[in-house]
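Here the chain labels run A, B and C in written order, and each chain numbers its own residues starting at 1.
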Amino acid sequence: MTGRTGTPMASPAREPLRPIRLFGVFFRIGALNELQYRANFAIQVFQSVIALATGLAVIGLVFSQTTHLNDWTRPELLAVMGVHILMGGLIQTFIQPNMVRLMADVREGTLDFVLTKPEDSQVLISIREVKIWQAIDVVIGFVVLGVGIAQLQTSIGPVQALGFALALLLGASMIYCFWLILTTGAFWIVRMDEIHELFDGIYQSGRWPVTIYPGWLRVSLTYLVPIAFAVTVPAEAITSRLTVETIAIAAIFAVILLLVTRWWWRFGLRHYSGASA
Amino acid sequence: MPQPAIHVRDLRKTFRVPVREAGLRAAFKSLVRRESREVKAVDDVSFDLEPGEVVGFLGPNGAGKTTTLKMLSGLLYPTSGEATVLGHVPSRREPGFLRQITMVMGNRNQLQWDLPALDSFDLIRAIYRLPADQFRQTRDEFIELLELGDLVNKPVRNLSLGERMKVETVGALLHRPQVLFLDEPTIGLDVTMQKRIRSFVAEYNRRLGATVLLTSHYMADVQALCRRVVVIHHGRILFDGALSVLAARFNATKTIGVVLRDGTVDLSAYGEVMATDDDRVTLRVARADAPEVTTRLLRDLPVADLTIEDPPIEDVIEHVFAGAAEDQRAEAEAEAEATAATARSS
Amino acid sequence: MTAPPRPAVGPVRGYLDYYLTSMRIAIATQFQYRVANYFYMIGMVAEPVIYLVVWSTIARQQGGEVGGITPGQFAAYYIVWTLVRNMNIIFTPYGWEERIRTGELSGMLLRPMHPIHADLGFFAGWKFVVIVLWLPIAAVLSLLFQPDLQPRLIDVVVFAFAIWGAYLIRSVNYWILGMVTFWTTRVGPIFQLVFTAELLLSGRLVPLSLMPDWAQRLADVLPFKWTFGFPIEALVGHLPESELIGGLAMQALWIAIGAIGVRVVWRFAVRHYGAVGG
C-alpha cells in the first residue's frame, strides 16, 4: 500500500521500536523550540526554587514538633519529597502537556490532523509535546532525593536501585494511564479544563507517604488516583521498605491499567469519529 | 458665539519605540544600550467640531486616527498641544466629562457574556447613575430603533456577531452622551448590519444633536454619515473640509465600464484599462475626456452596456496620500539639495 | 446644546445601587457556572485535607495533641479554612496583563467610576454563590473528620464580619500588587514571592501558633494573618473578646492602608498608561 507520494508506508509490524524513535523526534523538536526562550528557563528555576524552599520549610516545621511521621524519619521524608518533585517534573514535562494539547484538540476539532496520520494515534497524542524546562524539577528532585539518602547513612545496593527504577517506571505509567483515561472523557464532556486544578491538588497528597492517610483515603490514593504507586512506592524502594508483594501488585496493576487505557482510548476514538459528520 | 464641542490645537503625541536591527551583533548591543527613537503618532493636529457635527476621520492604518480619538477620550495624554471636549480637558478624566462621552471601538465587548443584554443595560444604568424612568425610556427607544426585539433577552454569547454589535451599540449610548467617538464601528459586519448601525447613529445624531467623530475604513460609512471629513496621514492633517470638495479637488478621473456585444477588443486606445473580467472592461480616463471617449466608444464599437462612474472614494484617498507622499519626497529632496548646496559653498 | 446630565442620585445611594446590581449580575453569571465552581472547590479541598491528616497524625503520635491542638481542633481549623479560602479569592494580580492587552482596561477607564468597584462588586456577589455551594462540602468534611467546633455567639458574629474583612484586605492590597503590571511584564517572580510569604505567614499552612516565634511576630505586622488565620481563629479558637475586637480593628487598619495605596498607585498607573499607551 503506498501513500499519496507513492512511497511505501512503514507498517507497525516491521518497526517495533518506532514509537521510541518518534518520541526522540518530538523530543528534539520540542526541546529546540523551548530552548529559544531563555527567559522561561530563568522563570522556571525561580519557581522551582521557591517551591523547594516552601517544601523544606514545611518539613522543618513538622520536625520542629516531632521526630518522625509514623515510622518515617526526617531524611526519609526528604527522600519522599525528592521523589515527589522528581515525579512531578516528569509529569509536567512529558505527560501533562500532551493531555492539555489533546483536550484542546478535541475541543477545537483539530484532532483530525492526528487521526489522519499513519501512526498509531495513541502514540502520537502521548509523545508530541515536551515542556523541557519543567525537567528542572526532575533535577531538583534527584538532588533532594540524594541529600535525603546521604543523611540516611545506609548504602543503596543494586537491589534497591533496581527496585526504585522499576517502581518509578511503573508509577509513571500509571499516572499516564490515569491522565489519558480522564482526558479521553473529553470525547463526551468537552469542557474538562478544571481537571488540571483537581489533579494538581490531589497530587500534593504525594508529598507525604500515603500510609498516614485514613483507610478510605489511602485506598483512593492508591487505586483511584495512583499517587501511592507514583511516589510512595518508589520512596519505599529507596528506603528499603519495599516488599515483593507491593512491587508485584504495582506491576499487575500497571499492566491492567495500560490495557484498560488502550481499550478506552479506542472506544473513545470510535465515538468521536462516528459523531463528527 | 457657542463653544465648539471639540477643540483641538497643535495636538501632538510622540512615543518612544525601542529600535533593534536584525542580526546577532545588534542583539548583543541592545542588551547593553537600549536604543529608541521617537515616533510622532500625531503631529501638531488642529481642528474644531461644532456641536451636532458628524465628521469622518480618514486615514490608513497607523495614521494617527485612533491615537487622536484616545487623546480626546482621555485614554492617552497628549505630549503637547491642547484639546478640550465639551469644555473639559479629557486627560483629567473628570466623572462629569466621562458621563457625556462614549467611545465605541469596533470589537470591544462591554456587555456581560453570559447574561441577557438587558441585565448589562441595568448595570450601565447603575454605573452612570441614570434616572430610572429616563433610562427605561431611552433603552426602549433604542431597542425599537434597532429592531432588537427579543434579542435583549438572550445571553450575549448566543447572539451572532451582527446582533452583538447592535446590543453593544445600544449599551454604549444608553447614557445619552453628547459626544461620540466611533472607531471602526462597522468593522467585520455584513452590509445589512452596517446600514443598520449607520442609520442608528444618524438618527441618534438627529434626535440628540450629539457630536460624532467617526473613523472607518468603509467609505460607505463616511459617505452615509459625514458631510465633513478630516484626512490624516503620518499624524498630519492632509485635508479638512466637505466630502464633496474632497472628491472634486482630487477627483481627476472617471471610470467607464464597457460591455461589448460580441468578443473582446483591446480598448487601451481609449483609456487606461483597469480591469477585464469576463466581458466587462473597466477604463480610467481623465475627467475632462470622459464625454469624448464615451462618444467614440458608442460610435466605434458594438456596445451592449456602458456605465460612467466616479472612481471609488478609496482611490481618491489613495490619490491624496500619494500626493502627500510625493510632496514629502519632494520636500526631502529639496532639503537634501539645500544642505548639499550649503556644503558645497562653505 | 443640552445641559450636561446630572446623576440622578447622590454618591451613597449611587454606590449602593451599583454594588447591589453588580452582585446580582455576578450571582446570575456564576450560578450558570456552578459545575465549574464545584470542580474548583472540590480540588481546593485537597490542600487542607492533606495538612489536616499530617498534623493529626503527629498529634496522635505525641499523645493526643501537638502545640496544644488536638486532632479534633485541627479538623475544625482546616474545615473552616475551606470557607475562608473561598472568601479570600479575588481578582488575581495576574489578570492585569490580559486586561491591559485586550483593551478591557480602556473600557474601564472610560467609565465615570473607579474600576476597583467593578471587581469588588462582582467578586462579592460571587461569594454568595460560593457560600451556598460550600455548605454540602463542609457537611461531608465534618462527617469524615469529626471537627471539634463549639463557637460562641460572639465568635460567629465576629467571624461573619472577619471573612468580609479578609475579602476586602486581599482585594485592595492585591489590586496594588497587580498594578505593577503597568510598568513591567515580568511580574511572575514578584507575585510568587508575595504568595509564598502569604502561604507561610497567613495561617494557611498551619495554625500560626505552631510557627516559630520570629515568624509569629513577623505575621503580626503583615496583612496576611488578618486575611486567613484571624478569621479562622475567630470562629474556632475561643479567643478572648479583646483579641476578637482587636482583630477586627487590625482588619480595618489594613483595609484603610490598602484603600489609600490604591488611590495613590492608581493615579501613577493611569498616568503611565496615558503616556505610553499600555
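Criterion: a contact is a pair of C-beta atoms (placed from the backbone, for glycine too) under 8 Å apart; a residue touches a chain by one contact, two chains touch by 3 or more.
Not measured: the values here are computed from a predicted model.
Counted as hops between touching chains, the shortest connection from subunit A to subunit C is 1. Distance from the centre of subunit A peaks at B, each centre being the average of the chain's Cα atoms. Compare each chain's C-alpha centroid with the centroid of every protein C-alpha atom shown, and the nearest one belongs to C. Inter-chain centre distance (subunit A to subunit C, centres taken as mean C-alpha positions): 33 Å. Look at where the CA atoms of subunit B average out and do the same for subunit C: the two points lie 45 Å apart. Mean C-alpha positions place subunit A and subunit B at a centre distance of 54 Å.
Those residues of subunit B in touch with two or more other chains do not exist in this structure. Of all the residues in subunit C, the ones that touch subunit A in their complex are 36, 39-40, 42-47, 49-50, 53-54, 57-58, 61-62, 66-67, 186, 188-189, 192-193, 196, 199-200, 205-206, 210-212.
Contact residues on subunit C toward subunit B in their complex (touch as defined above): 1-2, 4-5, 7-9, 14, 17-18, 21-22, 25, 28-29, 32-33, 103, 106-107, 109-113, 270-271, 273-277. Chain contact summary for the complex, subunit A toward subunit C: residues 39, 43, 46-47, 50, 53-54, 57-58, 61-62, 64-66, 68-70, 191, 194-195, 197-198, 200-202, 204-205, 207-208, 212-214, 217. Note for the complex: subunit B touches subunit C at residues 2, 5, 15-16, 51, 67, 70, 73-77, 86, 91, 93, 95-96, 98-103, 105, 108, 110, 112, 114-115, 119-120, 122-123, 125-132, 134, 175-176, 178, 208-209.
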